[in-house]
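Each of the two complexes below includes chain A, the first together with chain B, the second together with chain C.
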Partner chain A sequence: MSGQNFRGRVTLARPGVAGPVFVAPFLVLFLLLFLTPLGYAAYLSLFQHHLVGGTTFVGLKNYVTALSDPLLREGVGHVALFFVIQVPVMLILAVLFALALDSGLLRLAKVVRLGIFLPYAVPSVVATLMWGYLYGPSFGPFAQIGRDLHVTVPDFLGSSWMLASLSNIVTWEFTGYNMIILYAALQTIPRELYEAAAVDGAGAWRIARSIKLPALRPALTLTLLFSVIGSFQLFNEPALLQQLAPNVIDSSYTANFYAYSLAFTGQQVNYAAAVSFLLGLVIVIISYVFLFLANRRRTP
Partner chain B sequence: MIKSTKNPIAAAQFAQFLNSDPDSASLFASKQFLFPSTKALLADASFANQAPAFYGGQQVNKLFAQISDTVSSTFEWPPFLDEFTTDWTDTVGKALADKTDAVTALATLESQLTTYAKNQGFTVTTTSS
Partner chain C sequence: MKTRRSTPLTIAMLAALAYFLIPLFWLAVSSTKSTQDLFNTFGLWFSHSPQLLTNIRDTFSTNGGVFIRWILNTVFYAGVSSIGAAFLAAFAGYGFAKYRFRGHKAGFNLVVGTIMVPTTALAIPTYLLFSQVHLVDTPWAVILPSLINPFGLYLMRIYAQDAVPDSLIEAARIDGAGELRIFFTIALRLLGPGLVTVLLFTLVTTWNDLPASVTATTGTSPDGRRVHVVHNWNWNPVRLQAPADLTDVLSDKSVAADSSLRLGAWDARILRS
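Now for the complex of A and B:
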């Protein structure tokens, strides 16, 4: 008894020393790779570099300029519209696929699951190049088939279709990823609930509506949060499609792309840092609003 | 020639040969579709009378040769060419591709470049023409 007590005391004393040691590698890397760049960007955003006259401290002037920058507003507008259209489509598809897979009524469920998830394993650069080829107005298969059948195919890379075409690429890429998260959430529902519901006379649709969908809410909130961040940081897809449609996608088509153009073509690193911080702020606010709404709905 | 070139004189001579030799210049213009680097080539009938299918069979080279004479030979490159090309693509390039008003686009380009230059500490003056 006393031996056990002694041993217990030793193991109690150890975490005090071991804890920080174990956490140290993470903390060091977190500090070096995460907080330092953030701090450096915040520092940069308070200065302005001139080709003539060098660098001067300007305080919050970059932020004030950014707030009234029509190009930045245009970029944020594009991604906001993209978010409103693309995210509901993607999440509804993901929920439907997850429910279908979870119902156990699907044949070849594993093949289907892998098939829907596979696009996520394709790098977004490759996916965009592939879709860019498919969309092509003169070389793309859709346009060619349309020409052979004498059907007018919309100009997927034209200014009125571009946002929809981008949404399609992102939906193709990320539906599977969101489906896996939702599917995993469905798997954690205790099977007894289904049995009890079946005893009460509930059918498959009723079970889906009354048990599965409410149980999906936390996972849906999570996927929605990822989607907010993903949408507002849209970059790869427009940056690559710009090569195919330079007259539609300008250097400020999305907010992130604008920050990139500012830093790497205009050499306005300081202003780009301010724009990035504002974009980050927008993402934080929208994420917080969604979390707040999701939590408030769950409590009553 | 850039400063770090090892043999600047030889490099300059080579660049001059590459762009002035009649055969080489004509290859650049007909295979790479670069703008002719010699006046001789611009005036050459075999070049001027070309009617590329890309332009719907128009003799565009003749027109290009005429326009070439109107280009000021004293112009200078801006110190921020990157910014200029990006802004050009976003404004005038877009207008040309969409067949909208190129003059309005030029005005937008001018105001964007002026803003940029002023932000970078340059003094912007307009020359009356």
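Now for the complex of A and C:
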């Protein structure tokens, strides 16, 4: 590797060839480990397996079955409700926390920032088990305090509270993560802008509303997209809470959990593949709707 | 510009902080309790007979210290996967950021588009494919899928765009450095912070990975027959389809191919073909 490269002795010296060389290792593995299984799943979803008679090609029959499957509808219904309630609460909290941290009005800002982010570092399995104990109707601390004060504490693991309890766990886990993304976006705003606004007579609220919130839009779109993907793929939390409340959480409580149960417990690999594809399609459609709305509002 | 501090805001934020830290406090308190105290004493305070050291000793000595083995497994898998994934993402992200070639746009969009694909959708076909190429009972079955991180590639491309100035690459070319050498001696250093971010993301994901509920390990016995050990790591009973004619080693019952095999909660079966 000396100056000789320049005369074209090593083909890599030509930038036109170097680009593909850089991206090839990733793309080859991507093809083998991502697209091949995906293609294989698409292929599997077109077949049906019978104990007697083996595997037969059925075309789109699995998809037709899935569309009218009441269990899948129930699962999608749960995650949709979860998405509509939990995501706004989490993102509004994250925005408020990020604005508070960025305002410079806070004492102990570093401690607060680290503390709110800390739950993200806790594995979701541990977080769910932990909250499962805290929710417990006989040994959980909330129930204990309620008994001492003679107040009836709701049954957090009962059917009417379960979705709220799940929302609380996910909010606890991911508010800090979203807060950090939004806080980082706020930090990139040039400070001179605030000084100029202050000179023009804008107060802290006015600056937050007119400068900071518009500047947060790209980061907020990103966190919203992650939340769409995260809520519709909700799996770990319901799968673990099922041990504590088997009567409330059945194997089709969320759509992703249903696909998993079909494949690994029910051994219906073909139908599970079709369900997974429909779920992926729902996520893609919702994500694009959000991207479309976000882009349209930016360029009126 | 030094702004004054706000006490009401600080109090409000400390209240929020309490919500995030109390469960962790409960976790710390509970780690000092015996199983009995865990259920009988007040959850958010210590019991009269704290036994943190006993609990730690139990964790490390149960089942002949298998916990240490688990920790080492996690360190190994998370370490290899995250370093590999971060490096692949940096290499490809730099390629997409600094070069234009045929299929540039299509390749990048294809990768980024798959961020939305549910990962559980891939688990089953990946397992089936890996079992066909005999990768299932090797460490590669865990490492290979986590090497590909589409979101990491996206981050690295965005980061490389600004972190490595084009003028620097031009200057290195004029000085006669090859493209790979430019990457390894100049770009990689400038990509450091982005690389660490991707590394941490993958590390957290692999570290927190929930293992599949049913695992099957296959080996060859000394007499050349295939031995399958099937575990159900779950409270739910599971039904499996026997892939071939098998014999249960312990009960000597035969299981015909395609017939259903039932595993109770946390059950394990050893089968021979």
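Throughout what follows, the second predicted complex is superposed on the first by the 287 of 300 C-alpha atoms of A that agree within 3 Å, B and C clash if a C-alpha of one lies under 4 Å from a C-alpha of the other, contacts with A are read in each partner's own complex, and residues count from 1 in each chain.
Note that a contact is a pair of C-beta atoms (placed from the backbone, for glycine too) under 8 Å apart; a residue touches a chain by one contact, two chains touch by 3 or more.
Computed from a predicted structure; not experimentally measured.
Student: With both structures lined up on chain A, is it a clash or a fit for chain B and chain C?
Tutor: clash
Student: Considering only touches as defined above, state whether A:Gln267 meets chain B (first), chain C (second), both or neither.
Tutor: both
Student: Applying the document's definition of touch, where does A:Gly203 land relative to chain B and chain C: first, second, both, or neither?
Tutor: After superposition on chain A, A:Gly203 lies in contact with neither partner.
Student: Which partner does A:Ser287 contact after superposing on A: first (chain B), second (chain C), both, neither?
Tutor: After superposing on A, A:Ser287 lies in contact with chain C but is clear of chain B.
Student: Looking at chain A, does chain C or chain B touch more of its residues?
Tutor: Between chain B and chain C, C touches the greater number of residues in chain A.
Student: On the A-aligned overlay, A:Gln243 touches which partner chain: chain B = first, chain C = second, or both, or neither?
Tutor: In the superposition, A:Gln243 contacts chain C only.
Student: Output check: A:Pro190 vs chain B and chain C. Expected answer is one of first, second, both, neither. What do you get?
Tutor: The answer is neither, since A:Pro190 touches no partner chain.
Student: Considering only the touch criterion stated at the top, classify A:Met130 as touching first (chain B), second (chain C), both, or neither.
Tutor: Touch partner of A:Met130: chain C, not chain B.
Student: Share the list of chain A residues that count as touching for chain B in one structure and for chain C in the other.
Tutor: On chain A, the residues that contact chain B in one structure and chain C in the other are 51, 251, 265-267.
Student: Give every residue of chain A touching chain B within the complex, in rising order.
Tutor: For this pair, the touching residues of chain A are 48, 50-53, 159, 246-247, 250-252, 261, 265-268.
Student: In their complex, what parts of chain C are in touch with chain A?
Tutor: For this pair, the touching residues of chain C are 1, 3-7, 9-10, 12-14, 16-17, 19-21, 23-24, 26-27, 30, 38-40, 42-44, 88-89, 91-92, 94-96, 98-101, 104, 107, 111, 114-126, 128-129, 144-145, 147-148, 150, 153, 173, 175-181, 183, 204, 207-208, 210, 212-214, 235-236, 238-241, 258-260.
Student: Across the complex, what residues on chain A touch chain C?
Tutor: For this pair, the touching residues of chain A are 1-6, 10, 12-13, 15-16, 18-23, 25-27, 29-30, 33-38, 40-41, 44, 51, 93, 97, 100, 103-108, 111-112, 115-116, 118-127, 130-131, 133-134, 138-141, 144, 172, 175-176, 191, 195, 229, 232-233, 235-236, 239, 242-243, 251, 256, 259-260, 263-267, 269, 272-273, 276-277, 279-280, 283-284, 287.
Student: Could you list, by residue number, the parts of chain B that touch chain A in their complex?
Tutor: Touching chain A from chain B are residues 79-80, 82-83, 85-86, 89-90, 93-94, 97-98, 116, 119-122.
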